[in-house]
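Each of the next two complexes has chain A plus one more chain, namely chain B in the first and chain C in the second.
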Partner chain A sequence: MFSELNSILNTSPESFKQGEFILVSDRQNDASFLIHHFLSFYLRAGCKVCFLGFVQSFSHYSAVSQRLGVSLTQAREKGQLVFLEGLKESLVVLLRGEPEVSKRSPSVDFLRDPGSGLRGLYNFVQSSVRGSEGGGADWGPPVLLVDDLSVLLSLGVSVVDMLDFSHYCRATVCSELQGGMVMLVRCEAEEEEEDSDEDSERLLRGLTHQCSLTLQVQGLPTGYCRDIHGQVEVCWRSRCDGLQNQKKLFQYKVYDKGTSFFARGTSSAVL
Partner chain B sequence: MAAPIRSMGKPTGDRLSCNTTSFQKRSRSKLVSIPGTRPSVQNGQLIVSTGVTSLDYVIGGGLAVGTLLLIEEDCYDSYSRMLFKYFLAEGVVCGHELYVASAQDLPDDILQELPSPILDDVASPKPVESQTKSCDPDSQDAMKIAWRYQNMPKVQMALASSSRFGHYYDVSKTMDPEIRQAAKCHGFYLPEHSSTLTSLSPSATGQSPMSEAYSSLLNHIQEVIHREGFDGSVPQTKSRNILRIGLHSLGSALWGDDLCCSDNPDNGHALTTFLYGLRALLRSSLSVAMVTMPSHLIQNRSLMTRVTRLCDTAIALESFRGSDKETIPLYKDYHGLLNVRQVPYLNCLVSDLPDNKDLAFKLKRKQFTIERLHLPPDLSETVSRVAHGGLAGAAVLGSSGCGSGTASNKHLDF
Partner chain C sequence: MLLEVLQGTEAGGFILIQDTVKYSGRQLLKSYLNTALKREEEIVHVLGFETSEDELRDGLDKTSAQRLHFHNAYSDPLGWTANSPFTVHQFTVEDISTLLKQTPQAKAVTLVIDSLSWILRHHPPAVICQTLQALKKGGAVRTVVGLLHTDMHQRGTVGSIRHLASAHITVAPETRGMGAVAKTTRRTKSGKLMQDEQIFSINEELSVTVQSKHSHPGRSHNNTDESEVDPTANLTFNLRLSDTEREAKEKLALPFVFSKEKKSALLHPGPGSGRILYEPDANDDYDQEDPDDDLDV
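Moving on, here comes the complex of A and B:
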């Protein structure tokens, strides 16, 4: 959890806005550090967390969270965290000699038949966030975290299916259960080349339309620098009051156990 | 100062070697039980060498076990093929098991071309060093030119970390067959396996987003990993070892992929799905993989970025051969440029970022090295005359020429 980011977003684990859909995107840079932030943030807040990790193994997330002061293994044992390890689940499907139909996990059904969409994945999310109601220990509002929705593009899922998926999740998690949602999308091409990669751009545009807060991580426009890792554009979308969207731009540097955010040009390396 | 060293030159050499061995003992803890591996300085991850010491340095010490290195091939696949062979040769010397897959050459043919290791160098590097040290005072007594600089550290041209890791190879010779045959190697040659492919029922793979070639490769790798006990889940009685997987020219037309031929390939997800599966396999086993891809043939740039994202480390080679960059004087000492596209984030928030991204490679007579790209000293007459004209100009030139090697060498930075 990065306290500087909390003060920028004006939230804290004790009091955070419910029903928010936060979209984290990156372009020519890596925004995965923000996913780790939100994971530790919501676990500290006592939320029921459902994490769909498609890019890394559980041990990776666990090791990073350990540094940020949260134990994923404990949270998982207590039932606070439901973790889908996409790599492991998919490998079973991709290899021949799959287990019997009854033993199959339906969450990665899209690999068996690309046409079937993400219904299985949605059912997984739904059962894990609703499970908290019947369970003994009651956690706070449910939160869905997705580490890299755009990996599914590489696995042959269509953009329409993914937008459907996020819409359904938003309806269930954000609106109905008043929880929260954080999704990471990685864009591939330059912004200028509009037609270069239709899929990831369309996905980003569709999700930007649905979300309430975007965090866009970019590289520095002046090029690579060792002391400033990139810039984040924070954009609040005010839905109801019809005011203009508010935007702020920060530069950041990632450290071993945290990240510092600062206004443009005020890095300690420059001043 | 010089005399005592000279009088007891040999004893100091002995003591030196004693010191180094005792130091090594302490560092060699229980963690390192597999030959050819060591824990990374940054995150404690077990790493292996790529076989090229300067490449290890560039990607942050070495390849972490369980990760995938992507090499984007240069135009004629000559230098990337060399890296591929270095990677396999390092595995042979360290006693790792190998897995070679290719659609073009027989795996055995590739293994026959491995470069020969320079093993004498490894056995006794210390005595040589102490000898040169004792010789140094003589030469200094004889003549002192540029005495102001004698305490400056020697600027090392090739990039290398301070401690020794990996071996050196002589690319002008091929490896001794005896050494080569000691290593256990598994091969996958697509034309041999494709005959069994057609006999399989198409319904099994028909719906899968992977093509048949990739699917059978993935299954074959999994089979080897499982059979030889590289997946950590199975408890093993015998000592652990590393499997080095080398996949040559993935995505080329020979693998049955149309990525290189069309802008909008039909099975654009085949390769990415395979890489996703491979990533999953590697993460759960004691193996490390190197994949080369002819990226210059692939029309769809966004596909290439997607592929890069699925790999952990990605570097691209751009050779000057046949390109007009060959004639640029800046590049005359090098054979090509090396781009580090991606470095992995493993079990930590930060990755090991390089201080300089301008890198070039060259192939010396016996060795492939990566260096920081910098301007050679300009020795032509016209330039020196210009420099004499203005003292200030000369000072600027001098400072940029003799400055420490750590600073960025391009004076255009600011």
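Moving on, here comes the complex of A and C:
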């Protein structure tokens, strides 16, 4: 958890805005440090967290979280964290033969039948976020984290199915249960284009229409730099007040145990 | 013109609000809702795909909230959880008419669709166009208002929806300042197109204020203002000529005009004009072929 980012977003584990859908996107850069931030943030806040990890194994996230001071293994044992290991689950379907029908996990149904959409995955999310309601330890509002949605594009899921999936997750997690949602999307294209028909761009635009806050991680326009790892554009798409589309741009540097954010041109290497 | 469209001065038709990821048109849609609810005899039906009821009602006029009927297509639009009040597959004239009949008859019914993009994801554009056209002609609804995210669809799809609209507003962020630009196009009953571009802002009570307009009619209006001031009023010089002055002007021969006198004066130089005489010296070795032979070049 990066306290600097918390102050930028005006939030803290003790009091954060409920029902928020945060979209993290990256372009020519890596935004996974933000996923680690939100994972440790919501675990500290005592939320019931459902994590869909399609990019890395559990031990990877666990190792990074350990550095940020949160133990994923403990959280999983306590039932606070529900972790879907997308890598493992999809490998079972893709490489080895199918287990018996009763043992199949329906969460990766989209790999068995590309036409079926992400309904199975949604059912998995729904059952894990609603699980807290009936008995067991009492956790805070449920949170869904996805790292990252664009992997599903390469697994053959269509943009329409993914937007439906995120819509359902938002309706359940954000609106009904007043929780939170963080999704990561990667874009391959170098430049943002208005009419680009590329799937990842369409996915990003579709999700941007749904979300309430976007964090866009980009490389520096001037090229690689040792002391500044990139820039983040924070954009509030708030609905109620007059400040629609308020934007702020920060540069950042990722350290071993944290990240520092600063205004453009105020890096300690420059000043 | 933006305000006229939003206030519904021209009754009826299909109003399309187009936006992109850069600026959301939902605030404008809510502002339309608010003004529609303030009109006494109006009943507003909302087909909400993209926002929950709480989110939509937030900020709207509380006193007339019972005239707003929200049809929840947000929580389960595809029938996945099997408790759906309205699914996207019910977007047909028959199903919408039954929805509208649930309320007591009113003089004017407005149908707000939030948003058309959601429906376009699951229906072919032709079907949607037919449904919209049938709703317009059917008489059950006076005004249909739709929100469309243009960057989610192909240009042709957007174009065909836009052709149905009697007025369409495209919103975009303004490059400087906090406002936004709205391009409004309205088709009058005679078929005439009227276009306008205005900068607007929406405050917390959802009322729209037009800050300035840089439209073509506005510009010509400014021109007529200026022409009323005569620029020739206080000049330090004379702009007109009297008859004698004109005669004198016409008599004057300008230096570059090549008259006959000038020509003859040049060809036949009179007495007193200079001439060059050259008598070759004895030493001069004058070469007819190369007259500049003696020059030390």
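Here are some notes:
Convention: the second predicted complex is superposed on the first by the 262 of 271 C-alpha atoms of A that agree within 3 Å, B and C clash if a C-alpha of one lies under 4 Å from a C-alpha of the other, contacts with A are read in each partner's own complex, and residues count from 1 in each chain.
The working rule: a residue touches a chain if its C-beta (ideal position, glycine included) is under 8 Å from a C-beta of that chain, and two chains touch if they have at least 3 such contacts.
Remember, predicted model here, so these are calculated numbers, not experimental data.
After superposition onto chain A, the modelled positions of chain B and chain C are compatible, with room for both.
Touch criterion met: A:Arg237 reaches chain C, while chain B stays clear of it.
In the superposed pair of complexes, A:Arg205 makes contact with chain C only, with no contact to chain B.
In the superposition on chain A, A:Leu163 makes contact with chain C only, not with chain B. Of the two partner chains placed by superposition, only chain B is touched by A:Ser57; chain C is not.
Once the two complexes are laid over each other on the shared chain, residue contacts for A:Thr259 go to chain B alone; chain C is not touched. Geometry note, superposition on chain A: angle between chain B and chain C about the Cα centre of chain A is 110 degrees, to the nearest 10. Counting the residues of chain A touched by each of chain B and chain C gives the higher count for B. By the touch criterion defined above, A:Ser175 lies against chain C but remains apart from chain B after alignment on the C-alpha atoms of chain A.
Within the superposed three-chain model, A:Leu87 lies in touch with chain B and out of touch with chain C [touch as defined at top]. Closest C-alpha contact of chain B with chain C, superposed model: 18 Å. Chain A uses residues 197 to touch chain B in one structure and chain C in the other.
Residue ranges on chain A touching chain B, taken from their complex, read 30, 32-33, 36, 57, 59-60, 63-64, 67, 87-88, 90-91, 94-96, 111-114, 151, 153-156, 186, 188-189, 196-197, 199-200, 224, 226, 229, 254-259. Contact residues of chain C toward chain A in the complex are 20-24, 26-27, 50, 52, 54-55, 58-59, 74-78, 80-81, 117-118, 121-122, 149, 151-152, 154-155, 173, 178, 180, 201-204. Those residues of chain B whose C-beta lies close enough to touch chain A in the complex are 204, 207-210, 215, 218-219, 222, 269, 272-273, 275-277, 279-281, 283-284, 301-302, 305-306, 309-310, 345-350, 353-355, 357.
The residues of chain A lying in touch with chain C in their complex are 119, 122-123, 126, 160, 163-164, 167-168, 171-172, 175-176, 194-195, 197, 202, 205-206, 208-210, 237, 239-245.
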